[in-house]
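By letter and in written order, the chains are A, B, C and D; residue numbering begins at 1 in each of them.
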Amino acid sequence: MNPATSQPLTKLVLLISPKGKRYLLRVQPGHQWSTNLGRIAHDNILQKPAGSIVYTHLGSPFLLLEPTLSDIIEMISRRTQIIFPKDAAQIVFQLSLAPGSRVIEAGSGSGGMTTALAWFVRPTGMVYSYEVQAEHQQKARKNIANIGLEPYVTFHNRDISRGLLETNVDAVFLDLRSPWRYLEAVKVALRPGGRLAILLPTTNQVSAALRRLYQLSFADLQVQEILLRRYKPIPDRLRPADRMIGHTGYIIFARNMTADTSDWYPAAVRRYLSRRRLATQEAARRGEVYTDENDDAILREDEE
Amino acid sequence: MNPATSQPLTKLVLLISPKGKRYLLRVQPGHQWSTNLGRIAHDNILQKPAGSIVYTHLGSPFLLLEPTLSDIIEMISRRTQIIFPKDAAQIVFQLSLAPGSRVIEAGSGSGGMTTALAWFVRPTGMVYSYEVQAEHQQKARKNIANIGLEPYVTFHNRDISRGLLETNVDAVFLDLRSPWRYLEAVKVALRPGGRLAILLPTTNQVSAALRRLYQLSFADLQVQEILLRRYKPIPDRLRPADRMIGHTGYIIFARNMTADTSDWYPAAVRRYLSRRRLATQEAARRGEVYTDENDDAILREDEE
Amino acid sequence: MNPATSQPLTKLVLLISPKGKRYLLRVQPGHQWSTNLGRIAHDNILQKPAGSIVYTHLGSPFLLLEPTLSDIIEMISRRTQIIFPKDAAQIVFQLSLAPGSRVIEAGSGSGGMTTALAWFVRPTGMVYSYEVQAEHQQKARKNIANIGLEPYVTFHNRDISRGLLETNVDAVFLDLRSPWRYLEAVKVALRPGGRLAILLPTTNQVSAALRRLYQLSFADLQVQEILLRRYKPIPDRLRPADRMIGHTGYIIFARNMTADTSDWYPAAVRRYLSRRRLATQEAARRGEVYTDENDDAILREDEE
Amino acid sequence: MNPATSQPLTKLVLLISPKGKRYLLRVQPGHQWSTNLGRIAHDNILQKPAGSIVYTHLGSPFLLLEPTLSDIIEMISRRTQIIFPKDAAQIVFQLSLAPGSRVIEAGSGSGGMTTALAWFVRPTGMVYSYEVQAEHQQKARKNIANIGLEPYVTFHNRDISRGLLETNVDAVFLDLRSPWRYLEAVKVALRPGGRLAILLPTTNQVSAALRRLYQLSFADLQVQEILLRRYKPIPDRLRPADRMIGHTGYIIFARNMTADTSDWYPAAVRRYLSRRRLATQEAARRGEVYTDENDDAILREDEE
């Protein structure tokens, strides 16, 4: 797909109709593409360079382009809306991925984020993609193969509550319902100083994940939200689009530390952690075990 | 900086104070770092792994981390605010940069965006960075060398109105005051289907650039704005930060086409282009030359 | 509608289905309301207090409420999207409307903004609503009568380029395509210190309007945009709605001054005004008249 | 302040320096205003009409204007940031306040929101403003008297957990730390169909308040956030301001119902309410009392 890359990817093309509809196509000799505007033989497309126009047998024109990374992710995610390019971009950037990086992802979803991760760790890095549901991962596998990124992805059909198989990875990305349950396993897999990103749709999940990250001495915690505002590209009537995506998710970023980093935490968090320590000790004295469920009482103390 | 990369970068470290202040340091044996919280010998830092804590001679602790790409860009841009990581991430993503990509940048600025581009075209790609002011470029050169990315950047101290020296590049990024003046040169340098990104602070500049892009048959024009909303990472008092960056810039994305793509343009743009064509012909009949300045009269016709 | 108000308004009710669909109904004895969930006699509704539930003959329940001002505006504007409650609220507030205020509006639209203005100038103020298209105004008139606000609105079916009929009004609101053409008339109608609001969808219109406001010595110019973000009201899955309105319009606020206020203008604006003054004098010397169209050349000088 | 209002308010003026600094002044004969740009006798100000310019004894000019409602609220709230005009506008609008409305507010704060409420219920309505801290309320009282709105405000120095003194009010506005504790009292005070607004800074508070509102059969729950984006008013360099207010608060709106409205609630909320009902019955069978603290266990069931 990118001619300058040493490993040539599968031939994917992007076709854009005059009305602006976008089609991502995997082109193969002898095949044919049918649309309600007419048919185009794949061989016709293969003969034309990117940047030109192709026509259906009824004469309807389509712009012929290589899909960008963003186009690919949008197409993959279209059915499941698992990841948006704006978020994938920010995550790749903040995780500081680079050629050679080793990164864990859970879950695989349809492979949208897997694509972004694999794209940037090429040609010497690796994405380890975990997914508990076999059928889900099958779809991700197929998407990654279609794009030609399979040399850079190792799929694990595995419940990560049983632990992660890699250690000393540079980064971890979690897109799970209850990520706080897996953060101890993440800490084991991440190298010291390694980076973590968690994508979460609700504020309640963000609160729960933050609590666990503080308990486990993660540092440099950041909660971010990326909003993309599109404008109608009309020079003399420039204005934002009427509708926009109102929310995709909150992103938490954190760094794995080997030391106790509570001095770097906000005062309210330090108060919570010390109350929790006390409660754990008291529970032990009574022969009980302190669990996360007990946190609610502790948190309420701070409300007054 | 990234241990997994074949070319080891210069040893840069990020230090974070308990108050959250961030320092980017280039560590060299025998040197010493002084802060109002005390001194730290660089050798002490070199002995410690990322993810640990280092102490000044007065006992003040600092988190020791590798800087992320985002940290580096923020530090480089701090003085000039030339580029923000949120925008750099979106641009890299939408330009679909990958290992091996060849990309032109103008101007170099302090090297903030150069860093992002070079980071992702490694290990086989190249950034061609143009800047008319020699002193400016000197700073960018130094920053890039400090980060260890100089193998992936070719600097040109040159006015791009004299033309670009490369051809068939995959992508172009413009961060200039009047980018519309250089779009013909850009079209020559870009390969068919190649991608263009333009960063502009004002709406008036966006309008002017769009007009020229349409005249030159660029396609798939998109105008975007990225807003980053930060949250205070306190689990039980989760809320956005009180202040946020209100604006950095608008980003235009476009694709280089070899054919006439006006059928893909909005109706208002097509009307403008056809009025312009007529006016150009009439001017020629009168032995005059139609210039962009004449556009204003043409545009006004559509207002009624 | 508001029981505490001296002038009782027409009986309007709001019905909400279990699926959240909202219906604004004007209730009259003997009438009947039909929906695909069944029928309800208006008399049944009239017997029930707000805050209760009414049932169709098929047993489907509806919440019975008085419509708020915001509900009314949304219903009126539904067909034309002429004004959004979020913008109407900000405009009323920034215009500092109060019982007794005299305010001019142009154009009337469907009466959505007329409603908001009339609502807050009661019981002793007056809205003067101009509209050039008779059919448009007819609809606004009907809407205002249905709501019961007609004592507070004077309609003028008149082109305001012929001048405004009132003087010394407290505030003016413009919702027109080319408001800059009417600002001289506005200045005559507004009392000294009086407040002006202009709603405009595009950035190009904002630029054009600002230019004229500066020429006419308006002061305290503000350009604002109001964004409303809605959240799904689920306590344990709190998150913003998936979609949001991306843009309704930019709002310019300004104050009418009797003195030259150019000292209060941004430096770039002062430069523009002085170049314009010079050009006007030169034109006069040549026996020509300087028009707004000549501004383009002047503006371009600042670009270098 | 508003000449058209029957009750003339105290003479407040707004002065704006050429640098854009804004001063709100209560003008009294014989007094003098001192600034580092010189002095102005109040009598000079009293002789000049709004819309003109006044000068200090050193010749520095100031724009002379009547303050708008928004100016007044900003000045009152400056020290405490208790309410922002953008939020006050939306609240007044969504509460559908009108001349004659009776509205309860708790707490009084510095009187910023009291001002907005009193402004719009004039001339025949009343604001009942509760505040437990006497000193706080003293400040609000003074601010309201300075503005001249005291005929429309009844202050209660009272803890509202002891109940509200009014009944059948049209609307209630809560700006308190733990508003969920007072919602039963609110329900008693509000007339059927009456409107409630709650302003809250954190997402955790929003969740807690929503839970209680659903338990008490409030309906038409809406959670909103208002973002104000300001633009630099320069016609040829139009762009948003560099910085913006990132967050002031979330606003919950709800309507008081006399019937059980759970059919109108989201499915997740209905599940929570029915689990809660069951748990309450079980607790009663065991001779225990179910409290809000027990909710945490119930909520966790839905997580799986």
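Assume a contact is a pair of C-beta atoms (placed from the backbone, for glycine too) under 8 Å apart; a residue touches a chain by one contact, two chains touch by 3 or more.
All figures in this text were calculated on a predicted structure; none of them were measured in a lab.
Both copies, chain A and chain B, contribute mostly matching positions to the interface they share, with over half of the numbers common to the two. Interface comparison, B-C versus A-C: the higher count of C-beta contacts falls to A-C.
Rounded to whole angstrom, the centroid-to-centroid distance between chain A and chain C, based on C-alpha atoms, equals 42 Å. Centroids of chain A and chain B (each the mean of its C-alpha atoms) stand 23 Å apart.
If you average the CA atoms of chain B and of chain C, the two centres end up 40 Å from each other.
In chain A, 203-204, 207, 229-230, 236-238 are the positions where the chain touches two or more neighbouring chains simultaneously. Contacts from chain C toward chain B in the complex involve residues 177-178, 203-204, 207, 293, 296-297, 300, 303.
Listing the residues of chain C that touch chain D in their complex gives 2-6, 16, 18, 20, 49-53, 61, 63-66, 68-70, 85-86, 88-90, 92-96, 98-102, 116, 119-120, 122-125, 170, 191-195, 203, 206-208, 210-211, 214, 219-238, 250, 252, 255-259, 261, 263-264, 266, 268-269, 272, 299, 302.
Every residue of chain B that touches chain D in the complex is listed here, in rising order: 201-204, 229-230, 236-247.
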